[in-house]
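One structure below.
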């Protein structure tokens, strides 16, 4: 990952890239199990310094790639158990997990959430199953893992089986920013408001690649038109500078739907963020101010 | 189509999806004959409600897919005759045709036109032939099917054999909106003007997929760079709300040029529109207000 | 090329398209050696008149395609020698070279430069080699071919091995316009400033296709996300109208990375304009002499 | 499907095409859930008569497409239950199921098996799960659904975690025909032996598309090189003529890995034949009753 | 074409490559109008000598590329007229036409025919039209252009609307070689018989790229599985050595269905040979006069 | 590589996979610099045991992946120097190098050669350069690295600039097996002769992926039609069992020309076997017997 060292555990790290190669909970097009591998391959182009922002995270933070967690492709509940165990260990070592491939199934304490996605992922149950790729944040609410007044969802769009699809989110106190409010606009003003909302308490960042328009990121399972641009994605990531970040993920990268090398660019969103996000955990935040 | 019922005729419907799988009049890259099939396949992802606009057309309108009309792939004039006969029947039953694949060859009475396209499609004759994919709206003018003062063409661009390519349009009284006037702008102000121009008289909507930039909609035969974005396309479609729509089409979808699944998104433009366009035929317009 | 005549030498021409099918100095993905062929193939769709700008360059200028120069795919220094000789001859005949495929290795006298690119291309040496695809403009500075106060670089972005990657450029007096200053904005104001900066002295235009966002131009070797849009590219090219243009190029087109023919179409139509629009219609021909 | 009528149940049919759009038990590349849709789309090119064999199954048999069975994409055991119920109903009506997408999970009584595949699919358990795409025929053995002395597996190849991967098969009495015995040979002699082995007792045909070489059928999740050719596949299918066929399937078609529509066409036309040719023309219909 | 000279007419040539960029008579997937361009592009890899056969046709024959004939994409009958006129002129100059893109619509006197194809192309009429891509050889029979006792059709396969699809061919005295007779066999014995059948009277060679298996030549509109291999195609072409060849064509190359340039390369190198090897080296030139 | 351990040097290994990511000496389509990466990615599917042959090389040999050697993409002579130094070190440690990406530039003492390729790679000089991808084996002859009476070249084909392209090879005493001698035949008899020719003296195996037909291995720069099949390739590799192998390579894998991941999978699984089965160097040969 980004030519960083590879090591077996999170011991001694400030932040660690971790892969979760799983897609068995997918409703439409599967394939995200290959996302972590592809993200790593593409990241070899990312260099040490960001010429635009001056960010140089690896100058001050010990970051490594600790490989993939074990999953069970034939059983979703068993996979959840395996992932939970691995993450407990990572977090216990004081390391910030940077996840490739899957939304958080285990977080410590209620956290704020910056969630970029086409979908709110707050469905209740589908076909009687409560764990699938459309439900993670409702499960998080139920397990009291989210500080609901500090949740923002950006880029939401798409049609729905429900006449009022965002009702659940509103009721929890989430801020839903539909993509219509983002079209043809800089998101810097929005991110100023987000930073105020998040304060200095812990924040998790979840980036679903389908938040981007499929012209920029075709390699995903449930594309929706008229999404965010890469420029807006960078504004969001860069706008998180200074937050107290306790974890982040990039999910739903399904490389087989991106026939052209096109994904290299998509993935660079990852790189951009990895260039800046590992950054400000707790005590070292001053580096970035 | 959109998981709507399939039925053999337009009898009893408010609006009907109809396919016209024909591309023999194409000058550059053929393949649009497969457009209707692809649009139907992709539309299976469109759900009942639009979370952004609240549109729920099928709650108040009876809509179905009535299949493809017969065409003769070896004879363009004969195809025109076959299409004309089929549409006469559909319209006679009081149903609004929602066409997949071909511009209108038969319309009732002079109508207004909202035309999204890279090309004005008002050529006179090519190689001595008067019926080809570049001429339909000149033919419509000649047959007095258009109310020329209520015609707007949006997204026009591309090079030309003619030093003044829009002269014919201007002479008829069409409003031509070149794509340069759309770049990096919301089209909501334009659509306010369009609604004023159209009034409450009948309007036909013709959407050529190449009106979009080819990065968003590569599956078409005559792509031109620097086109509309999906966000702008949705602004146009949503901006038609309240008009007295008597028919619409989506044309020039040639799926083989869209190698990646990318087209799924393109097609969603269709879905977006089908979510709102069947809408306001005559007496039921209040539903949307 | 654009259905223009093909001829063996530049004799008697005002401007000439020339191909340089070389990519041996590439650090990441090679393939640009096929760029000139692809650009020519795609250009068959460009017609005589530009409906948006009224440009009709071939009404007043004698332009032809004079084929490719010889290169030595196995030796970069020998290729440079071969290219230099060919260009000396072209320029000696009073003809403006419109290059497909390679930055200028030979220019006459110090010239201004409008440079569209994701990268500044001012690296010093890589692996001990001073001639590679990242260094041409540093070589130009050293050979005093650039009028450094009249150099503008537009669309610059990407990560770097160097903490201050634009320092060299600033020290020479170049104006660097990072892509962040272009996002979601019309570039017409920028181009007004560029025209003032260039004055009526000679200007060279170098357009690296990776200046565009890879969603629009995937066919290139070193894509970087969040680039320029085709609309902005046209604003730049059209904004050069009136300048005293002594040469131009379109480089880094590597068609095999653009799986859908369509997108390379996109960028090449663009390219045509690069060659075509800067050329002064009618009354301004003397600028070239 | 093959332009056959579509109907809701198997009532009154001699044979019925049924889709099982499921791939959650896949170990490598998922996507076979889209196989049934693709097979149906491609089958529109198959016409009524086979010029080579004279087969005309629909002259004597009532065949229709009865759509897809319900599955639960989030739970493999629940999917198995749903499939089993649907098939019980189909078979009870006296209809032969022609399955698109999934090996049989429910068969009546012990049957013979002609199994074309790269893999024996007789694994025991993976990651503690007994139901996944590598185990179906071991489960069949355990449920006494196979007449083990009348099982032949053709095209077997690939590397293994087990030093003697075919031991289980041999112990059950299966005949394993490794692909090495098929290379560059007509399979007519083999099929004569197979017909003798099967006799006139009931036979099920299971055709995994990865039995073919991936050059001919790239659209699958676990390709293995040096497989069967389409000519050999047709020899196998045609060699089943006269057998007492009680069901058949075509599985592991994952269309997204077949970038060129053409090749999935290849394999699907193949598929059609799977469904079609085993069926006895005219005078042999009684075999099915 | 093969780096041969380009000239405007057939004057003074022994043989000439001619393109016919037309596909309006296609029933399934269109696109062959781009075949001639693609064949020419790919042919740049073919060199002067064939190491396997020693053929060196251009040592003894004057061959050039004389460009495309004019066609009318909107009218098939008019296209036929235009093609006929062009060919009359070519043949009148004593030059052998080597056609890229379309079966012969005009031949001089009754000739023998070596026809490689998946389809016999002897349909009568489709949708009331007598001229389409399935009928050319029936039209030739009717116009007495074929010496029916000297016609061989190789590679025939595919399903049919007609229970006895080869009846018409047999009645004319054609030899039909279904692909089943070619599977896994050298075709040298067949070609010995073909040479005896053809004698020293004039022969035309028509090569439809879909005679090959679609794994080798996916770029075509109506692929059929289990076709010829490239090795067999070369055996056929080389087996024509010594015949009195008066013309040949390569048809149905539709490059957009061949996503990987590589495969169209495959088939086009093949094509080159079509044009090249049948031509008698040195001592046999008189056959052509 | 094949889930083998990764280590920094060849110390203590029996054999080592080494990558040489270089393609600057390519005449046609570049891209093989990405071959080693792709081969490694695909090899993750290869398991411990070969069910067909019983081979289990890692049970008796210590094999690891020692990464890529350094190369200089901008200077071919400098790259050769770097490669030579790395290999000297590997061989000095008593380890057999299994090369991904480049023919041998340094071998110890005269060795026999089993060379699978479409081209003999014995060109003299191109454009005045003596080191390019068409010349390595002539350079080897000149440096007396080959035991010319023990050289066999299999699969040779393609057109040539030279009327007698294999003359040089014959003069050295090489056995050239043109692909025509392989068509539709088992190569086991050939390999029996090869084993007799090689005896028990040292042998190097060089496998150029373009020896295969491009339908099976499109991901290469200079494809030639009518090549070997994967079955024949396996017969060659397995036919090397028992030879005294001192090194081997797999070259010219250029993954970007293989649009479907699947086919590069095909060829890489092949590759694995190249590395794996030939193995038994010197003293451990009995393992295979």
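For the reader, a short list of remarks on this structure follows.
Think of it as A, B, C, D, E and F in the order they're written, each chain with its own count starting at 1.
Please note the rule applied: contacts are C-beta pairs under 8 Å (C-beta built on N, C-alpha and C of every residue); 3 or more make two chains touch, one makes a residue touch a chain.
Computed from a predicted model, the values in this text were never measured in an experiment.
Common neighbours of chain B and chain C under the contact rule above are A, E.
Ranked by separation of Cα centres from chain F, the top chain is B.
One simple way to say how far apart two chains are is to compare their mean CA positions; for chain A and chain B this gives 38 Å. As a whole-number value, the distance joining the C-alpha centres of chain A and chain F reads 43 Å. If you average the Cα atoms of chain C and of chain D, the two centres end up 56 Å apart.
Those residues of chain D in touch with two or more other chains are numbered 184, 215, 256-257, 259-261.
Here the touching chains pair up as A-B, A-C, A-D, A-F, B-C, B-D, B-E, C-E, C-F, D-E, D-F, E-F.
Chain A meets chain B in the complex at residues 28-29, 156-166, 178-180, 183-184, 213-215, 218, 222-226, 257-260, 262.
Looking at the complex, you find that chain E touches chain C at residues 37, 41, 256, 259, 261.
Chain contact summary for the complex, chain E toward chain B: residues 23-27, 29-31, 33-34, 72-76, 78, 126-129, 131-132, 256-257, 259. Across the complex, chain C meets chain B through its residues 45-52, 54, 56, 184-186, 215-216, 229-231, 233-234, 259-263, 265-267, 269-270, 272.
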